[in-house]
Structure formats: structure tokens, C-alpha cells
């Protein structure tokens, strides 16, 4: 067993885990934060994207022990004081989700995208930056709209 | 995943010692290839040695005529680094095409090179720029480093520490991604550094990355896309799979080489 | 790529949701036409067993879609509505193949029309043109 | 995934000597890439364990090696198959033909390989290259062991 | 807060939980003392099982049980079924091979489950599975539908000679032949409708739980139709009695058809939960989804279209071989037959159509409904052949379509379908105008100047959506009802619960259905809760697939709302002391016609429960 201590959504948590535990398993099984999803096993779908030290990463392709000491933010930690994050609002307002399964990863990816590339995002940029997030429901049309709107609202 | 012992290395020396001691072990850099492989139980090393916490392995700096990139430097850092963008913009552009944003935030240049995936991007840059791969033991020129499919000159407990890229006069990279995996179906890196002109191809060769002498000769005379007119690589020795036949790859090598040259010129 | 879809769903209760259904269906249809294909080898081995080889449509594979309606009420239910869930996926694949065959000038284009398939089709058009000259 | 490969070597060794080597278990063990053990079960059948390493993938295959269609000293077929547990299975075979050539013997082969299970599902872009590499390695190891220097002169075709 | 109206783009009420990570998908549910199942799958496409040695595996840490097909047989667990009988041209029944939940004696595709390991953790289950030794006798395999009937092809199921399940036909062959003789032009095409893998981003998952105290079962599963799952599993597979079997399909992350069917994995989870006495859960890895989710399409087709000298279509002839896979999945027989051939007329007047479909077994994953299910395949046939015919006779493809469109309704096609309404030229004209079809030539020329090719493609489609109960469906062999249920339950405070047999897995029913009820009852959407996906809450239902929730599901809701209003009027008549015939319901109020006497919906709901003001012998208390 290996012990890990990390900050998840502002709270410090410690756990003893089998080294083969993935970050996403730590979040889902140990901390019961089931908003982060697993949709594939080859690191393509992006349903598991969370922020580790401010960077979007695939939590299914990171061992929990690799994240030891890190600050992790998941979809559950995005809304502050009961108020939705502007990107969450934008997804709802623009019908950027259907079944909702890819949505947490999409939103986490989108928020980091805005942090990196700013509030004015054109359609081409958004589509390229979504390379690592699969959605089977929306055809991406409304996700792209939602991210453009959410980016503006994050100003 | 099969069970494994996990070791966190403090520094390069420590990592090398741990690798040697653990026997059937694997070095864990960014883990973007290794972890999926472990998850699918297509490998089951007894131990992993994590070099994620080794600070000395990270960083980007211009040293003399070389751009030096630490082995644990993430693709995203290379893609956005002002130093890289100024010295070798083609290298920053190449880094920006690897994987996807989340993979680029975690994957490292050292991990990519050590893995020598026949469809990875960095090997093309190393070979195409005539880089030197610095390890815990020695310095290896790129021409001698890549030994074929997933094989490198690295020894079992040898760790890449830095990659030295000579800053070229100009360079370009063009990639045709596999529609599904987005690895290079064919990627071509071209560079010109004085009289040294290089054309390196990834994704296409059965044995991994390779140089194309005929194209290099033509570009030496005239470093332009037009100079490559009529030069074709032969399908023989090129990969063939459900995504692209050897013939199609051969065609793409020509097209990508021209695009790379055009972006460099 | 420019995409226009006109559907007749009869009376629409929530157009935002209905358009979302159309978008998703079109994406799956374009996926079938250009990207997706399950492949078994001659021994029955599935060789597209992950997203590394089975190509799922991604955001940068698709354009935004123009979606609009005509309305004829369905006489056989009290609301006059028609189903909309599968619509996009039905009409899309063949529209794409019709467009590609129109572009290359002959009908020999398989689904999915992958880059390699389109390249082969363009080679064939060149040959056909030569033969015609 | 099913693949076919061919190649040939010219060995400065008499045909009978090449044939004998092709039937020598110790020689086969040394030449089969990754072979950890080869245990004789009969004149034509061996139990084998091989470790296949392809980049990050590492799988141990337990299975059999068989010699079939023996026509000494001209041709035979060497067939191997192994189960790799959760990774799947691999099978490979090569029809080997010997002919007299100037200064020795011409060895030509037609090999085919097939993998199944997870390896086939997930390793699409690795398999062709690996199979070819393994076939090349076996025959170049063989040529090299029999006549040092001749292993590099092989001609391989798709 | 006010009522919503039909046609308004109301934002979705379900979104809040999804955008905050509070959705409850099957894999998010944890049960006390739960165990984990891992399925050992065949790496061979076709092989006999000579033996399974699980001795070493069963002693490994955390392992609770290992079961194989033999255990399934011993417990007399029934086979999985195909619920739609298809008859061949000669009148014989389709030849469905057995489909046990765990393979018995033989595996027939890569991914066929040979054994299941139940352990304390998923890793332990997997560790043990890799220690199970299966002795396979490998057989030749066939994956390609076009080769499945070849003389040398391996026989996959004993009772289906030449791997042929059925040779089905629809239409009038003689009329088609006669029309082809009159044709000025015949267009012939061969094509393959490629095989697809549905790939809902949420992988399939199941949790089976047996309660020893009540001798009852609960299954949480990623299903588009929980009631049908319960029906099939109790009536045919025989695992649990229907009245003591609860199936819950919570939030489901996309289905696209692939989650309609009753699969081996959930069957095994519920069966094994009783055997191990603890909840058994399973979640597919994506690699398993690729192997063992029902795939879609996979048709090999030859089509011919006969056209006369005026560019009018005379007849269509289609011959399709449909790959059904290694086993017949729940709806598999119907997709390439009843959901395909009746759509071949497209939007066109085609006097004669004849279609033959051969359904064949292959050593591949089962093939079943995937978004569109038969209809995209039919649309592909007719729209390719129409497009090519237009090009061949050098007529503008849009013009050719318009010339052949059906223009008056109702229209009876020669392939069973009766069209009730439509405006095909109107839709096409609008599309052409929006797309600037007229100037396409200019755009094409400009592209050519830039060294690029540009093409334009049209397609017109017709969809049979919301297949409803009919004597035709019964005659065609459909084994389940096709109606839908809805119940409107009003609480004493005037809040409304809408119970529907439809299931939402991304379609937004919680919003659309509430919006409809809000508009009809004149109450705010916030007062309405839509309940679905639980057999203990909703009396019965068929689930959601085939574009049916709108036309069938919402029709049921409207009828239920009408009943509530009718009863409300009765109550209101007593409360407002007026004749029932004088009560009008408008804008959420019961009103005495021509007066200003009225009562709010909520007030009448309360009175319905208090039941003091009306004779309970005539009117039952409560409002439903």
C-alpha cells in the first residue's frame, strides 16, 4: 500500500491505496466523487478530465500516487457557494449536453482551455481543443456554442 | 493492472539505482502510453520507478547553439514555450499536435523518445534536427539512437535526461494524423542548418523513423517544396494497416514533405 | 463542409431539444460515412477494439449544421407530432456519399470514405479522365 | 490480424548442414525471438515459452512449436502457437525451402502470423511491424548462427 | 412562475445534476457488501470448449465464485431470446440458434463469455480470470456476411444450415420484373453498409441484488427499456418472478439502440447475486463494449432501379444479405426486415418494389438496432440509387427527386407502409434555398481553381417512427406490445407526478414531458416531476427507441392529462356548485362558463383528496 495526501476541491484528503489505484478510482471509489466518469481505457474519451495543479489531465491515465501532494479540482468543486460556474451555466443555456456522461470532462476541459487561451475563442480553436473529449449525443454543435459563450462569461 | 511495487525517485541517480535494483521494472515518466498499457494488462512489470518528482529533469533553455529540453518537460510546455517558439517554431508546432490537450499536459518528451513508437512525433524532430539525446550515462546522436520499432540505444537502467536540438536556420513539420488515434499516419520533419539538410519521416516506416536521402539531396540544392516535385519514396518497407496501405503512406510522405518544406522555407 | 437539414417533425414541443437530436444524429451519420467501421479479419478477430482504431467523430471532424423545418401535422396522434430521435442518422450517410461521388465524378466510393478511400477514388477519377481523353 | 511475409538468405553452408540446423532444438531455441525455453516432446514437437516485447507491451506466451511437412533436406514448415493469457494468443508459421545455390544454400521462407484477443483488438498499428520483425529476426539469427555475417544479407519482402 | 407553452425552447431541468457531477449512473451506485464480476471472454472467433480449469483461480485472494456455462445450465437459466419472429419466403420459421448467457460447449465470436469471476474487488476478479485455463478446440471462422453461405464456410449453429437464419422477402416480384422490362434506363449498384459500433460514452453496467428476506430481486442496469428487460428476464430467461423483480434504469449515458437489448452480463449479475448472496456489479471496459455490445448495420446489397423515358421511376429491386452476428440479439431479426424493406419507397412514388433479405450468422458480435435501425440502410439504398440514376440520365438530382415525389396523402406504398402526411417538395425546396443550391456550380468551379474537388449530395428520407401497436405488427411476428403508458398523479397540494414508460438517456424527457403537461394543465413546470426508469414506480412501458417517445409516449401523456382534467371538472362542479357540463378548464383554472366563479387547479386537487364536497360513490377521492 502507498499513502497519498492531496487536496481535492479545497479539502485535504489522505488515503492508503494499492499503488495500482488510478486517480479516477481514488476520486470515485474512495472519495465518492462520482461526477468524474470513465468512458474508455485508452485515454481518448476525456470523460475523466479533472484539474491537477491547474492543468487538465485524464484522471484515468494517472496513478493516484502520481498526484500525491497535488491540488485536484473535479466537476463537483467547480461551482462556488452554490453558484454555478459560468461554464456550467453556458452548457445548460446552450443545450451543450444530452445524456450528461461526457459533460463533466467537457466542462473541465473547457475551463482550462479558457484559462490557457483566453475569453475570445473562435469555433475552429474550440473544435481543435476538444480533440481529447468524445461526445456521442450532441454532434458537438451546441458544445462548441456553449464553450464560446462560457468563455465570454468567465471574463 | 497487475500488481506492482511503486518507487518515487528523488533524482536521476536514485532512479537509475532503483531501476537496477528492482529488476523487471519500468520507468514512469508522464505515463500516457505506459499506464493504458498496464490498465489493459498488456504488460505487468514488477516495479515502476516514477521520475515525476525529479525537478532536475524539467526545463527549457538555450545553451550556445542548442535548444536544450529536459526529459520530463511536458508537451504542453514545449508547445507554449517562448524560447522554443523563437528558436525552433516547428518543434513547438509539432508538440502542439501530440495527443490532445490533457495528454500534452502530462506526457513528456523523454517518455516519447524512449518509447520510440513508430508513429510518434518527437522521433521525427530528433532525427530531423540531428538532435543529441543525453542520458544518465552518455550522449547519443539521434542517428544512432532510434534502432527500429520501439527500440532505442538505451540500456536497461539508462535514463534520458535531456535532448539537445541544434537550432536550425529553418525547419518545418507536417503530419497527416491517423483519423482514429491521431498518431502520425505519416509525419515529415525537414530542417536546414548550414549545409546539413535533413528529412525525417515518422509513422510510415516498418522500423520506425527514417531519413530520406533523395529528398535531402534535392533540398540541399533548393530548399523549397518545389524541389521535391517528382521525388517519391517506394512503398516497400512502409507500414500497411487498416488505415493506410504502404502505397498510400508513400504518397503521403511526398505530400507531407512538401508541406513541411513549404512551412519551413 | 456546409450542411443543411430540413426535417418535418410535425408539431414540435421543444425546438431546442429537437435540434439537439438532429445534430447528434447527423454526427453519427457523418461518422458512418467518413470515419467509423468495425473491422474483423478473415479469422474473425476484431481489429478495431479501441478508439485507437475505431474512429469516433470528434469536434474537429464536423461543421456546425443549419437545421430548419417544414411542418405537416401527423394525423394519427393527438398532438400531431412525429418522431425525431433517429432522423439525422438516417439521411446523413447517403448525403455525404452522394457529395463525395459528385466531387470525384464516379460512383466507386465505399463507406466509410476514409482518407485512403477518397485518395483511391481520386486516383481512379484521374485514370478515368485519361481514358476518356 | 493475419499477415504474410517472405524472405530469403544465401548461406555459405551445404544444404544438409542447413537442414540439420533447422531441426536442432538448441538452434531453434537460440533463434526464436524471446524464446525462454524449448523443451523437446518428440522429434517434431516442442513445448515453448517466449517473451514477446513490443514497446510498452510485454507478454509471455506458453505454447508449442511443431515441425510439419518434413521433406529432408529440402523443406518443412515450422509452426508455433502460444497463449498469452489476458493479452490473447499468437500463432505463426513459416514454410522454409532450401535449394542449392552458388557457394552454398538458398534458404527462402514464406511466413504468416496471426494474433487474437486483446492483442488483435488493441495492437492494430503494432502487429504488422512486430510480426515482420520477429520473422526477420528468426531467420537472420539463424543465418548468423550458422554462418556469421550472412544474417545481414537477407532479402525481405512484404 | 408560469406555465410553459408548446414550441418554446425551454432549458432542461435535468441539466443541473449533470453539469455539477451529481448524475446517478449505474456505475455511480454503491450497494452494501457489493462484489465485482469480471467476464472471461473468448479470444477465438469460433472454438469448442474442451475444458475450463478454474482450480487455481478459485483459490486466489478475494475470489468468491467462478461460474461457467455448465452452472448456468445446471440452474436451468433460460437462453437469451430474439423477440421478433421472421418467416422465410417458404413459410418456415427463422432458425434461431441457442444463446446461453455463458457459452456452453462452444464459443462463436471473440468476446463470447466463457466464465465469470466474482470477487471482492474488480482487480481481484481480473487477477483470477487471467489464471483460468480454457482448453479451446479452435475451429475455422467466418466474419464476412457475403461469405457466410459459401459451401466451405464453417457451420456456426447446428440448426441453421448454411448459416442461414431466414430468406425473407417483401413486395411483388412479378410486378417488378414486368416493370423492368418496360424500363428505358436501369441503374445497378452494389454496396456495403458498413458495420458500426454504437459507442454510447457510458459503457454498459449492471448491479444485481437479491434480498433473502423478501425473496426479491433488484437490477440496476443501463437500459433503454427496464420493463421489457424485466419481462424477458422473468418470462423467458426465468431468473426471477416478475412481481418480485425490480429493474431500475437510472441516469443512462446514451443508448443509440445498444442499450435496448437484454444481454448476458446483466442476466449473469442478477442470477449470481442469489448464488453468492451479495450484490454483484459489473461495468464494461470500453474494450468489452467494442467486443460485446450489439453492433449495427453490416449489409451487403445489390439494388436496381428502373426508370422510364420521362424520368419516372417504375420499379425498385433490392437484394440484401444482413449480418446478424453469432447470436440473435433481442430485436435483431426485425432490423434488416420489417424496419428496412417497408421504407424502401423513400419519398417516391414507386409502383413496384421487391426486396429480398437473407439473414446470416457469422462469427462476429451480435448485430441489432443502432440509431435508425434498418431505416438508414433503406435510405442509403434508395437515395444512392436515385442519385446515380439521375446522374446517369443526366437530370438534375433535385429535379429527378421532385419529379418522383409522392404528392398526395394518404399514400400506400407497395411495401406495406401507408404514409399519412408530408410535404416533400416543400422540404427539398427549403433545403435547396437555404443551401444556395443554385450557385453550387460557382462554388465548385472556384474550388477547382484552387486545386480542390467539391461535391454536393442530397438525400430525402422517410422514417417509420414510433412504431405503434397494430394488427400488422402482430402479423409480422412482433413479440412485444408497442404502446406506451403514462400516468398523471396529482398530489393534494396540486403538484404533479408524470409516470412514463419511456426512458430518457439523453433525450430530455424530464423537460419535454413536463413542458407538455405544464402547457396542458396551465401550471408551472416546477410543479411537475417526471418519473421513469423504475419498474416499481411505473406500471408498465416499452422504453425509448425508434423515435417513439414523442409520438407514442407523449400521446399517452396527453390522454392521461385529459383524464385528470375530466375528473377535475367533476370535482370542480361540486366545489363550484355548477353543472359538470358548465365547467371549463383554461389557464390552470376550472371555471363555470360565463361566470367569474373559478377555482385554481391546486385548489381542486386538494378538494379531490378531502372528498367532502362530492359523493364518493360516484367520484373516487384523489386525482389521477
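Just so it is clear, A, B, C, D and E label the chains in written order, and each chain counts residues from 1 on its own.
What we mean here is this: a residue touches a chain if its C-beta (ideal position, glycine included) is under 8 Å from a C-beta of that chain, and two chains touch if they have at least 3 such contacts.
From a predicted model like this one, the values you see are computed outputs, not experimental measurements.
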item	value
Contacts common to chain B and chain C (chain labels)	A, D, E
Between chain A and chain C, the fewest steps along chains that touch one another	1
Identity of the chain that, by mean CA position, is farthest from chain E	D
Pair sharing more residue contacts (C-beta pairs) when C-E is set against A-B	C-E
Chain at maximum distance from chain A, centres defined as averaged CA atoms	D
Chain centre separation in whole Å, for chain D relative to chain C (CA means)	45
Between chain D and chain B, distance of the C-alpha-averaged centres to the nearest whole Å	31
CA centroid of chain D to CA centroid of chain E, Å	49
Where chain E touches two or more other chains, by residue	11-12, 44-45, 110, 123, 126, 130, 199, 256, 286-287, 290-291, 507-508
Shared interface positions of chain A, touching two or more other chains	18, 20, 40-42, 44-45, 95, 98, 131, 133-137
Touching two or more other chains - residue numbers and ranges from chain B	1-3, 40-41, 181, 183, 242-243
Pairs of chains, among all present, that meet the touch criterion	A-B, A-C, A-E, B-C, B-D, B-E, C-D, C-E, D-E
For the chain E and chain D complex, residues of the former touching the latter	43-45, 110, 126, 129-130, 287, 290-291
Residues of chain B touching chain D in the complex	26, 33-34, 37, 40-45, 115-119, 148-150, 178, 181, 183, 206-207, 236, 239-243, 246
In the complex with chain E, residue positions of chain A that touch it	18, 20, 28, 32-42, 45, 47, 74-76, 78-79, 84, 88, 91-93, 95, 97-104, 107, 134-137
Interfacial residue positions of chain B with respect to chain E in the complex	1-3, 40-41
List of chain C residues in touch with chain B within their complex	35, 39, 47-48, 51-56, 61, 114-116, 119-120
